[in-house]
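Shared between the two complexes below is subunit A, which has subunit B as its partner in the first and subunit C in the second.
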Partner chain A sequence: MANPFSRISNALGTLPRWVYVGLALAFAIVFPMLEYFGLMETLWLRLGTRTLVYVLLAVGLNLVLGETGLLHLGYVAFFAVGAYSTAILSSPRFDLQWNFWAILLVATGMAMLFGFVVGVPSLRLRGDYLAIVTLAFGEIMRMTLNNWETLTNGPGGIPGIYPPNIFGWVVDQPAEFYYLLLVFVVIIVALVSNLKNSRIGRAWNALREDEIAAHHSGVRPTQAKMLAVIMSSGIAGLAGAIFAYYQQFINPTYFLFMQSVIVVCMVVLGGMGSIPGAILGAVALDATPEIIRQTFTAWLPRAVGSDFLPGVQAALQTEFDRYRMLIFGLVIVLMVIFRPEGLLPNKLWRREVREEDPRELEHTRQHLFDFEEGKQDLEV
Partner chain B sequence: MTLEHIFGLTVSGLTVGMIYALIALGYTMVYGVLQLINFAHGEIFTIGGYLATSTLIWIGVDATTPLSLKVAYFGLALLLSIVLTALLGFLIERVAYRPLRQRSRIIALLSAIGVSIFLQNGIVVVFGPQPIIMPTAVVPTGFIEVFGARIRVLQIAIILISLVLMGALTWIVKGTRMGKAMRATSQDREAAEMMGIETNLTISFTFVIGSALAAIGGFLVAMYYGSLQFNTGFLYGLKAFTAAVLGGIGNIPGAVVGSLVLGLAENWGVGLNLGILAWLFVAGLLLGLYFQFVRAPQSRIDHIAEEFRTPAYERAVRDVYRFAPVVAVKTLFAERTDALLHVSAQHAVRLTAANVILAGLAVLFFINGDVQFASKWQHVISFAVLMAILMFRPSGILGENIQEKV
Partner chain C sequence: MWSKRTHKLLALGLAVALVASLGLTGCGSDETEEPDDGGAIVTDTVKIGVHTSLTGGLADYGFAAAEALKIAAEDFSGFEVDGVVYDIELVIKDDKGEPAEAPVVAQQLIDEGVVAVIGTLTSGAANAALPIYQAAGIPMISGSATAPDLTEQGFENFFRTCLRDDVQGAALGEWALELGAEKVVVMDARDDYSVALANEVAAAVEAGNGEVLRQEGQEGDVDFSAQVNNISAFGPDAVIFTGYHREAGLLFKQLVEAGVETQFMGGDGIKSDLIGEGAGGAENVEGTLCTFGGFAQEGMPGYEAFAAAFRDATGEDAGPYAENNYDALGVVVTAMELQDSTAPADIIAGLGEVEFQGVMGTLAFDEIGDVSVPGGGGSELIPRFEYTGGTWVFIQ
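Right after this comes the complex of A and B.
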């Protein structure tokens, strides 16, 4: 194919998958040690921890948005359910200090329950209703958290969440949280990638491609979609619980609609229906803005030895977030127009979104030809 | 809880409802022709309001300006905002939606969300994050007393302007060649194209009309509340979409009915105490009971083919509705069952659930008759209405404008 990007990605695609998984995992494990040996500021470790939370969210949302093809715009509400369950059950607010595992179970379970409640009215309907119902649910959740002051303390939030105690190991250092999250990320990713190739995963993909055909092939649409929504809600609840522990303080401003949109962007940017894509999307969207900001406000001035373009610096300090969202919006539009399959696409989805692209068709034809000639295994 | 209080709430509910309707019409028309939720519509509305307001600020209207000049400036600001906003709507469709028309709907929706985020932050970059304040000199401040309630002249003006615009829209859709093309495009785009209709032009026209209506809505909101903020359109867009779904999406009269219902629900919901609201649930319960025991079984029976129509079968269908949930659940879990009975049983269980919930809410509200919802729950009420309508009547109050497609 002529596109240089595809050529590079095809060349890289010849390496076996375990090489990439191993490299990524090795980097993830070594990353906090850089901070330990003084090679990196703590800021980056905090950023890494936050990124891992986003990775969990992106992988969870990918189940609904990528695998099943349902647009979910209130994902952060389930994250909030997990976080608030934790904050209420393990903080001085109600003088409770539940066991870590019990809280994890309650946070995940509550999020799943809410997922069920949202799914019941919306999943029987056409796809775009789900987008609006989840969006509305996200807003209801945020307003309820803001207004129900006897439970959530309203805009003041819940401070002083106790650190988790896992069989005597009190997790309270940033690096410890990082590793705790990493363990959960690995477990969830392993779980989800197995699920993806199971009967359930195939059913989800079939629904995404053609709901009527899937229904007639014996997939129960509502049940399968419900399962996807409930599972992804559970993952968000889990992420929320760990996030609350890490943050030690939560209030409704952590759970704005924009957060849901950012997670959607991560999944779209990385490639819908692709787990490595979701992880890459989360890392790219969470780390890149910070890297840009640091480049201009800390690294370049240090390298040059003086203040570097004070106007640009001031703009980056104060108005960065505004421009960041502006660029996010632009990135979504450009991505869906020019590269709807994302950075690390899932092959099936690419074929679907670019149904009428003749080059792609030619590629597939060539692929089938190679297969018939015995040159290559047929991979789907 | 006096009568004039209720009357005042009703008028402000209708005013807000009319503004929702102006926005909802844009949603519903675009959904009609493209089956796309134009997520950026809320932002178009905000930009319309911003443009008109900033024109008035720029001209510098104050209390000393004579009335005739005020009216002229007013018209100029409105015209400028309508033209620019319509152009924006046209451009959005051209740049962000048209290249995606053959792709799956979720992709187009994502693009719409991207445009919405872009525009919202674009407003912040251009106008700054602080709210824009309408010059008070142009806002009519008079009021008249009807049944002892003070009604602002502005409220009456908003309701009248909206009614005129809706009349004009109805004329465009029903009476002109372009309207005919719009209706044809929404029925079946390919067939319309084969009949020689320029569907691209028609779709662009739909966006232009919808955006112009939203711009007027933005201006009216800026006058009514005195200010606008960059994220005002998000909530208004969401409410207007809710209204469009409430009335039946793709259905133009439905959007108006849904908007008025939503506006009234919001204002009554936080303005009246629960004892009065309970009567609404009683009315709903009566309607629900009528559906469950009269209307629904009759329409099911009408579906039975002539050769299968026996008194026993008819009784079976009626029983499913009458003795729900016992018979209905028994039917649902039976080994082999008749398709019509199965569907009826599902329907009956849903209807029973709705009636039980309505009765429960009515009782709950009567018990706590003196309590009143705090106004901070206003938005939660409207979203709860959306969830409820999707649960029990997903096609909306007036039904969806779904055309048969093969």
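Right after this comes the complex of A and C.
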């Protein structure tokens, strides 16, 4: 069914891809300048920085969930490994202040190691079982952080994380963190999109579509899956390391199961197996709730003035937060109804979710017809 | 059969109806808060941020803080600084008690142009928000963030009007020793507050040559049979639980059912009359003892009047730490008057030398920003309560 939404996206799809990449990048670069010139509150810059962390996470999880088709529900655990590596190696907790690059290496490496450790037993499992194992791992990680007080200071968390020092550049302003993250996002996206079109990327997609067929075509399932899990863990570790620097404080409540679910939602909403989709999903899911909140608590009152229905406005401001997530949920429900393949799906996935192609519909019908007639289905 | 389209429309319509109905109930409970300007010659207003938790698990504490501050804003409005009479405008924001939300809220308040912030409610949120207020040079005065490390980190913009966990922890441990306890179970609920408090309690008991068995639960637990077994085998003279009343009630009930005869004790998390209900009857927890992290309300010069004003304004009794928040605004105003300026940097300087006569008594801050009482004082300041006949009764 061609609804207006997909018609618009089809029309937009006619422009070459580099136009969109260029526009998105240009917007990302200009965004902090809006704050610098006083066109935007610093709040939005801070939210933009947080969104970039989620973009890294979504792009990382997309490798496992979107490309390889493994339902991973403990992704936040690797994010936590990266964040805690930074917090431990660059804070007054153990009086350490390691070099930024060394910490980045340790954070990414540790996360990859954990990815490997989790991958060894769990990648033999499929579907629901993998989801259960990764979910359990996420919880184990959170419990460990909560209970290993000598290392992590337990529920109290680690405050006072020192800002990174990159060749003498001390990163401590929101705009500086924004650009630092943007650089990493660009590097990771470039890396992952090249990988996606390589032999290994195709192997991942083949595994997602049909593991047995892929295996018989010469793909080693366990190896290929392991590579996806390790790489995506490394990206989460990297994101965690920068996140910890940015927050200057972390405790186990940052790494709840809900966070993993949100990142999964970002990938699914954006479109499985599509990097632009993962980015858009992260931006949409992280920014939308804040935009809704600001609309009701700041912009709307400013636009209509405080004299307009003051009672309703006061109620909106105090009660709104309770319904914010409800509206957010509604948006997701609407998405699932009207655009189940995600905002910017890749073509293969889209075809799988919606059998829009007339030939496919015909094929399905033919199949049914042939079955009834007792004939063999020879039509492609 | 319905077509696919009808299904979609139906689902959409139901969803809209659901949201609309919830939206309407939300609008039903509107409350008006119009500060009257008392006839003073208003020449300017100063914005003070309130960074608290109005939703989430500690919403009742946040409500108490926000309402106390509204009363305080009315009471303190009309102070004179540098020849200008100022009114206070509160900007109240909610961080749900989550550290992840705290930086966003902090940035919002800074963007609003507040000169000082009263908050945060919890220590975790304080840790996350402090670097941002510090970078913006905004003073932050908390009425309820009790983690010792907050002031130990050397932030010059942080002050608090509540006593620290180590003070309450020591008081709780010493009390157990005073009662003659030699074997003490110290149990926490694995959240930042209860663990910090439990660590201090255990240290105090061990310092007095008591024997300590540490146990832990989780918030939301209902079955404590493993812990009850351990506690029963240890045979303690006192069981001290530093978590909240819901788990405390269940734990104490299960200990009673297991036939463990011991003195139940807890921190201010259990100081809710609902503990009797959770324990399956007030008789199960009769004689339970608890401390409170604030100052003794019974000894406060202005508490009666404050509590009455709070009841008038909200129709409810003043919740925990309400008076600490009220006085936090008082010290900020005093600091502005002292420095004859409303600039954040001057407020920070002023807070260092302020001596304020508030609801809780005479307040000042020491060099790291902890509240200090003239003449000093430590764990003996902590009030003690006993649960008798279904309610907490002040002992000393």
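In the analysis below, the second predicted complex is superposed on the first by the 315 of 380 C-alpha atoms of A that agree within 3 Å, B and C clash if a C-alpha of one lies under 4 Å from a C-alpha of the other, contacts with A are read in each partner's own complex, and residues count from 1 in each chain.
By our rule, a contact is a pair of C-beta atoms (placed from the backbone, for glycine too) under 8 Å apart; a residue touches a chain by one contact, two chains touch by 3 or more.
Every value quoted in this text rests on a predicted model; they were computed, and no experiment measured them.
A.B. asks: Taking the superposition as given, does A:Leu125 touch the first partner, subunit B, the second, subunit C, both, or neither?
C.D. replies: In the superposition, A:Leu125 touches subunit B alone.
A.B. asks: Quick check on the superposed pair: does A:Leu47 touch subunit B, subunit C, both, or neither? Answer first, second, both or neither.
C.D. replies: Touch status of A:Leu47: second partner only.
A.B. asks: Kindly classify A:Val261 by the partners it touches after superposition: subunit B alone (first), subunit C alone (second), both, or neither?
C.D. replies: In the superposition, A:Val261 contacts subunit B only.
A.B. asks: Check the residue A:Asn147 against both partner chains and state whether it touches subunit B (first), subunit C (second), both, or neither.
C.D. replies: Touch status of A:Asn147: both partners.
A.B. asks: Quick check for you: in the superposed arrangement, does A:Ile337 touch first (subunit B), second (subunit C), both or neither?
C.D. replies: In the superposition, A:Ile337 contacts both subunit B and subunit C.
A.B. asks: Thinking of the overlay built on chain A, is A:Leu25 touched by subunit B (first), by subunit C (second), by both, or by neither?
C.D. replies: Neither partner.
A.B. asks: Quick check on the superposed pair: does A:Met325 touch subunit B, subunit C, both, or neither? Answer first, second, both or neither.
C.D. replies: First partner only, subunit B.
A.B. asks: Under the contact rule defined above, give the subunit A residues that sit at the interface with subunit B and also at the interface with subunit C.
C.D. replies: Correct list for subunit A: 146-147, 322-323, 326, 330, 333, 337.
A.B. asks: Which bits of subunit A are touching subunit B when the two form their complex?
C.D. replies: That would be residues 69-71, 73, 120-122, 124-125, 127-129, 131-133, 135-137, 139-140, 143-144, 146-147, 257-258, 261, 264, 268, 322-323, 325-326, 328-333, 336-337, 340, 352-353, 355-356 of subunit A.
A.B. asks: Which bits of subunit A are touching subunit C when the two form their complex?
C.D. replies: Residues 1, 41-43, 46-47, 50, 92, 146-147, 149, 154-157, 159-160, 172-173, 247-251, 253-254, 290, 310-312, 314-316, 318-323, 326-327, 330, 333-334, 337-338.
A.B. asks: Under the touch definition given earlier, write down the residues of subunit C that touch subunit A in their complex.
C.D. replies: Touch list, subunit C to subunit A: 4-5, 8, 11-12, 15, 19, 22-23, 26-33, 54-55, 94, 96, 98-100, 103-104, 107-108, 110-111, 123-124, 127-128, 130-131, 135, 147, 149-150, 153, 190-192, 195-196.
A.B. asks: Okay, in this complex, where on subunit B does subunit A touch?
C.D. replies: 37, 95-96, 99-100, 102-111, 113-122, 124-125, 129, 234, 238, 241-242, 245, 374, 376-377, 379-380, 383-384, 386-387, 390-391, 394
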